[in-house]
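Chains: A, B, C and D, in written order; residue numbering restarts at 1 for each.
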Amino acid sequence: MAIDYSKATGTGSSSGAPGGGGGGLLRPSIITGIIGGVIGWLLGHWIGNSFTQGYQQVQGSGSNDIAEFMGYIFMIIGWFAGLGALNYPIQKLFGVEAEAEEPVTEKGWTKYFRYTLDHKTVGVQYLFGMLVYFFTAGLLALAIRTELLSPTYHIWSPDTYIEIVGEHGTMMMMMMTSVVLGPFGNYVVPLMIGSKRVAFPRLEALSFWFTPISYFILLSGLWQGGFQSGWTGYAPLSVQQGVGQDTYILGFGLQGLSMVCASTNIVATIINYRAPGMSWSRLPVMGWSMLSLGFTMILSIPVLIDGLYVLALDRTAQTSLLYSGHGGSSFLWENLFWFFGHPEVYLLAIPGFGLVAEIIPVFARKPIFAYKTSAAGFIGLAILSFFVWQHHLFQSGMNPDMRPLFMLTTELISIPTGFIYLVGMGTLWRARIRLTTPMLFMLGVYFNFLFGGLTGVYVSDVPINVTVHGSFFVMAHFHYTIMGGVIFAFFGAIYYWTPLVTGYQLSEKLGKIHFWTMIIFFNSTFLPLFAVGLLGMPRRVFEYAHRLQFLNQWVSISAYLLGASLLFFAVTFVWQLAVTRKPTVRNPWGSRSLEWYVESYPPPAYNFKRVPVVLSWPYEYGDPNALPVADIVNETKDLDPVGRA
Amino acid sequence: MSKGARAAFVVVGFAIALALVVYGVVGWLLHKPPTISAQPSSTPGVVNVTMQVDGAVGTGPHPSWVGYRVQNASGQWIQTTIIQLPAHSDVHFTVYQYDSGSGFRNPVWDQVAGTVGGVAYLNGKSATYFNDQVGNGIGHSFNVPALGINVPFAGVNGNASNFCNAGPCTMSQLHNTITFDIKTGNPGMYRWQCFVPCGLGFLNGNGGPMTTVGYMGGFLKVVA
Amino acid sequence: MSQNALDDSRSVEATRKAIPKLIAVWIVTSLIGSLLVWFVLGPHLPPGTMTDQAAGAQFDIRFVSTLVPPVLFFIWIFFGYSLVKWRVKPGEDPLAPAADFRGNSKTQGAWYIITTVLVLFLAAFGTYFLVVPAGAGGGEGPSPIWTPKTKNMLQVQVIAQQWRFTYRWPQFGGMETTSIYLPVNTEIQFNVTSLDVIHDFWAYQLGVKADANPDVNNVAFTKTQQLGRFTVRCDELCGVWHGAMYNYGYVVSQAQFQQWATQMEAQNAAVTKLLPKYATTYTPSYAGNGGGYYPPQDPNANL
Amino acid sequence: MSEITEDRPAVDEEQLYHEAALGSLWWGSRISIALTITAFGGLVFAYFYLRSLNSHGLWDPHHQTASVLLGSLILACVLGSAIVQSVGARRLRSGSTIDWLVGGFVALGLGVLAGGFQIWELTRLNFFPGASGYGGVFVAFAPVYSIIILLHMYWLETLLVRLVRNRAVLDGDGGVGISRQPKAENFRANLEGFTYAWNALSIMSILFFVLFYVL
């Protein structure tokens, strides 16, 4: 009784969809995308070079930002044309109306290398994409720590070092913003709300395919002289830099577009595609976190794109918005950047908290404590995050009289953050706790974030900020909140949902080894950095005081061990999925959430045979007489499975 | 696909990833300009460093950038800014300055500092400071913050017929000769840079060659 | 089965009994922790006491650090107790329902009120210790509103450029030096500015930090009270040599300072004449020293 | 518990997803308005920020503005396009499909003209981009404005051509503006979203005109 809803919506497409053509290598895929990208780059670079021949600034510097931009912009267009992503918009221009069913039933592994409209395929693409980006940026972090083994001896040339720092920061910040929304928001949330599809599958697919090209462009900066401005790209330093800075602008900008697409889709999906009975008061907290995240992205990211765009103009068209010598101001960049930049860190935190609040009740066998408070916490974080950006600029000399106000708003944000602790602690109270790998990671988030949150009080307090601003203290603080928060939650979520996504069970033993090594070495890496910062070491330096050498070496060695722990994860994860492949039991964690009640693992095309009717709240773990979560729950299959963890 | 084949794929995949990382690190990131040692002189305890500053280095990935060349033991001009010096000894610098000049962004760098006697010799004439607003201005400067050294190199006339357009420049081309002596202290890496905004086409003249080691900034590597 | 599963350890009575004990443990550990932080760690906390502002920062860090153990131990004890006490026991049905406990208005209300009060208190604390010590050593922009009472302060202009700091002394003939010496027991006004990109003047032991922005004066105050050496580092990423942009300064006796300043004034006299007239911002001449990035016509010139 | 499964209320999936699609169109178009506002918001912030800072007195030292004539033409085109389209859409609702088609194509022409004028204006500025703060903000604003206008025109064009090509399907049942058919409802939701977005942009255009040509 699977219906063909695409006819009804009128937005579906057959001929416009990728994969509609013939087979073989010319069928749109990542290969044709790369071919398109190469052709586009050659064309764009040639055009850019040819019309800037006589530009004085180009001749003097021997570097041509316009050709760089033209090359990359054409490359992006070529990439999407090659992927087949442009077919549909072009066909729409000629009024070709979609008639047939969307091709989400494609089988085989090759679909993961195509522009596809199936939200589950996109989720898996995102998962592996994010892991690649995370590991690349993680290796760059190890390169930084290698340099800091010695206060005076230099492994890298200082220019290479500062470029590595910038690449690490930018890649982590821009890519990891989608680390939960991309894989789990796209894959799991539609299942959780009982939908057969997402609202805008093309936007969703587009959002993923922005990321590989953005990753490539950003990384390509390293072999073009890099950018020395760090991920914050403060002007006028970023105006002064060579062509490497253009890769920062384009890479970051593309990732911004990706986030806008992804959040538009997730917001529209959660609002409109909830199954009958999935009222707002029954929406899983993960849904609330994604909704808050989506709205925050929609309202903050255009400002980032504005900032990057203005910087690009200053670098190519020689406007002077960011250069005070010609009527601009470097404060403009700081404002535009941090107006995005502070919501950005909550874009990282909110989904992490969403995962925590979602997964803990499953392993506590208790209803989530203070459900409404958790939703209020996400919304509060989202709203307050727009009113704190100047706390990055306490020492900048900009609007100094506003500092008490921004100190207040910044400290107010610990109230919604506190809600998340209240929810977690209340849920654990009188619970029946199973310390499985996902649960350990979620508890790890609480452990780590506590340090991040407490040191947040130091950095938000203006008098203390005088000492800690721009030091390793701040750096340790945000690694505790971001890596200790969202990245731990991300790994926990991987262990939690891999059985659903792949149909294979991951080893609890290996998972626990990963967890314990990761949390120990994570803390051993970042806890000493608070001391390093307080003792006077600024961020992004390659020389430091001799008295800090022991601490820095301790940190570097811990960082290698942390890297080893993550490598252990990468190897065991891929090995278990590709080689050993132990099939999972049904609903291995005993969750009540809707995604586990699909027909098979991985879920079939269109998720559900028929739209489920939601009968109860997904967190009714405490009430043995509660109705099952939806009418698709199969008594024999689901309610008494054997062999669960 | 059999289990063995899948295992082989995984192993090969990780091997490729590892190879890519090693290639990236060794092939790109570890790249540094070469180190040139100071040359012994006829006076015991004194070593010589001979450098030239070119308005355009003429070679490498950025031929139009300004840059330093240092003479090695066999008399070749090597484009680099990393110079190895012995500790606790006198170093006699001879700099052939082939570039035209401009002003400093901050004229405080007109002052000669940190050299033996607080002086530098421009074409044989001693001076304690050089005014960047007169004549051909200052072409480049040699500034070692940790040793307190600052020596401006006066510029040459950029419109002269024998102006050197691309390095390595030769003695027959228009140049200024600047000499000065410094005393090295304890072993260590002492970074140095130029303070003239000579990164042409970059904002404030401080991009490009100014931000790339091997052109307008580098290290004095003082070894025991 | 479910009734059976709600064993004694998860009953309301059992947990009610545990609460006073937990609170007692929390109070004792927090007290010990806080006392240790205040008395043992406190006096050694950075950034020391070389200036009024540094001492103030040390007090603030000490005070906030003293509040940390209660929060830390509250969470740790709670989590520790829960995980040990209510972890699934061997032989128990792991999927049996635990307590059906979805919220408690008293606990939630108390949590909201306590966190709010704490946060408002911290904001008030921070504001007080920002305003009273004249901006607490932080950059206060070109026209500071929280200023020391002293009229005649020693003026030190900090000029940051890629990649060194220099210091200009308007009260000593407008000389500019690459080193910095400060007299003890003196109120000092730093006027921090930049010639090119954004830097940050961080005099660690002085408890002073102010961004150096091009074409903007950023004022910070401090009052020296101890002799010694301090480190100046650039604290805002400014390019390739950012990590090497540091120097040392000294707080010396007032007589030694006078001697140093007089000597420097004489030594730099020739170059001082070549410097532009002292001003709170310092813009290099447009014509020759801009690197030729923008077209050569001066936008200020009349068309 | 099996009785629950059998007693499930009848869910008309087709209707459910039809309504979800209508809701998504509503949200999608409102989100596009939000994105437009925030994107211009950053630039308008830049305008006011640089104007109030007036670094070195260089906000607009010579009181240069881009061509007021072209600016007025652009504004007239955008406003005209929005008005004609809105009237047409209202006529569509009362059953006259052809009125909207005519109005829509006129609106499309005017909008494309506005986008084109904006690009043309950019190529004949009487100041160089870095001459002043105003110059910089204008050079930043003009391409964004032009692109966003043209993106809206793309949206309008797809609607127009969709109706033209599928007239037979959409226009039954008393006209696309009245029909209860899902396809017609979907089309109307899309059109309504476009009308809101385009009218929002045209209102913003008045602000931009005041900022860049009047003040």
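In this text, contacts are C-beta pairs under 8 Å (C-beta built on N, C-alpha and C of every residue); 3 or more make two chains touch, one makes a residue touch a chain.
Note that the coordinates shown come from a computational prediction; the quantities given were computed from them, not determined experimentally.
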If a chain touches chain B and chain C alike, it appears here: A
Farthest-lying chain, centroid of Cα atoms versus that of chain A: B
Between the pairs A-D and C-D, the one where more C-beta pairs touch: A-D
Averaged-CA centre spacing for the pair chain D and chain B, given as whole angstrom: 56
Whole-Å gap between the CA centroids of chain A and chain C: 30
Intercentroid distance (Cα basis), chain D paired with chain C, Å: 46
Interface hub residues of chain C, defined as touching at least two other chains: 196-197, 215, 239-241, 244, 283, 290, 292-295, 299
Set of chain B residues in contact with two or more other chains: 191, 199-204, 206-207, 211-213
In chain A, residues with contacts to at least two other chains: 56-57, 60, 158-159, 228, 236, 240, 318, 320, 323-327, 331
Interchain contacts, given as pairs of chains that touch: A-B, A-C, A-D, B-C, C-D
Touch list for chain A against partner chain C, complex: 56-57, 60, 158-159, 161-162, 228-230, 232, 234-237, 240, 318, 320, 323-327, 330-331, 364-371, 373, 393-401, 403-404, 407-408, 411-412, 414-415, 418, 421-422, 425-426, 428-435, 443, 446-447, 450, 454, 457-458, 460-467, 469-471, 534-536, 538-545, 590, 619, 621-624, 644
Touching residues on chain D, where the partner in the complex is chain A: 1-2, 4-5, 8-9, 11, 13-14, 16-21, 23-24, 27-28, 31, 34-35, 38-39, 41-43, 45-46, 49-50, 53-56, 58-61, 128-137, 139-140, 144, 154, 157-158, 161-162, 164-166, 182-183, 186-187
List of chain A residues in touch with chain D within their complex: 1, 3, 5, 8-11, 92-97, 195-197, 199-200, 260, 264, 267-269, 271-273, 276, 298-303, 305-307, 309-310, 313-314, 317-321, 323-329, 331-332, 335-336, 339, 610-611, 613, 615, 627-628, 631-635, 639
Residue ranges of chain C in contact with chain A within the complex: 1-2, 5, 10, 12, 15, 45-47, 53, 56-57, 60-61, 64, 67-68, 71-72, 75, 78-79, 82-83, 86-88, 92, 94-104, 107-108, 111-112, 115-116, 119-120, 122-123, 125-127, 129-131, 133, 135-142, 144-145, 192, 196-198, 200, 202, 204, 207-211, 213-219, 231, 233-244, 246, 283, 286, 290, 292-295, 299
Residues of chain A that touch chain B when the two form their complex: 56-63, 139, 143, 152-160, 164, 222-223, 225, 228, 236, 239-242, 323, 571, 574-575, 578-580
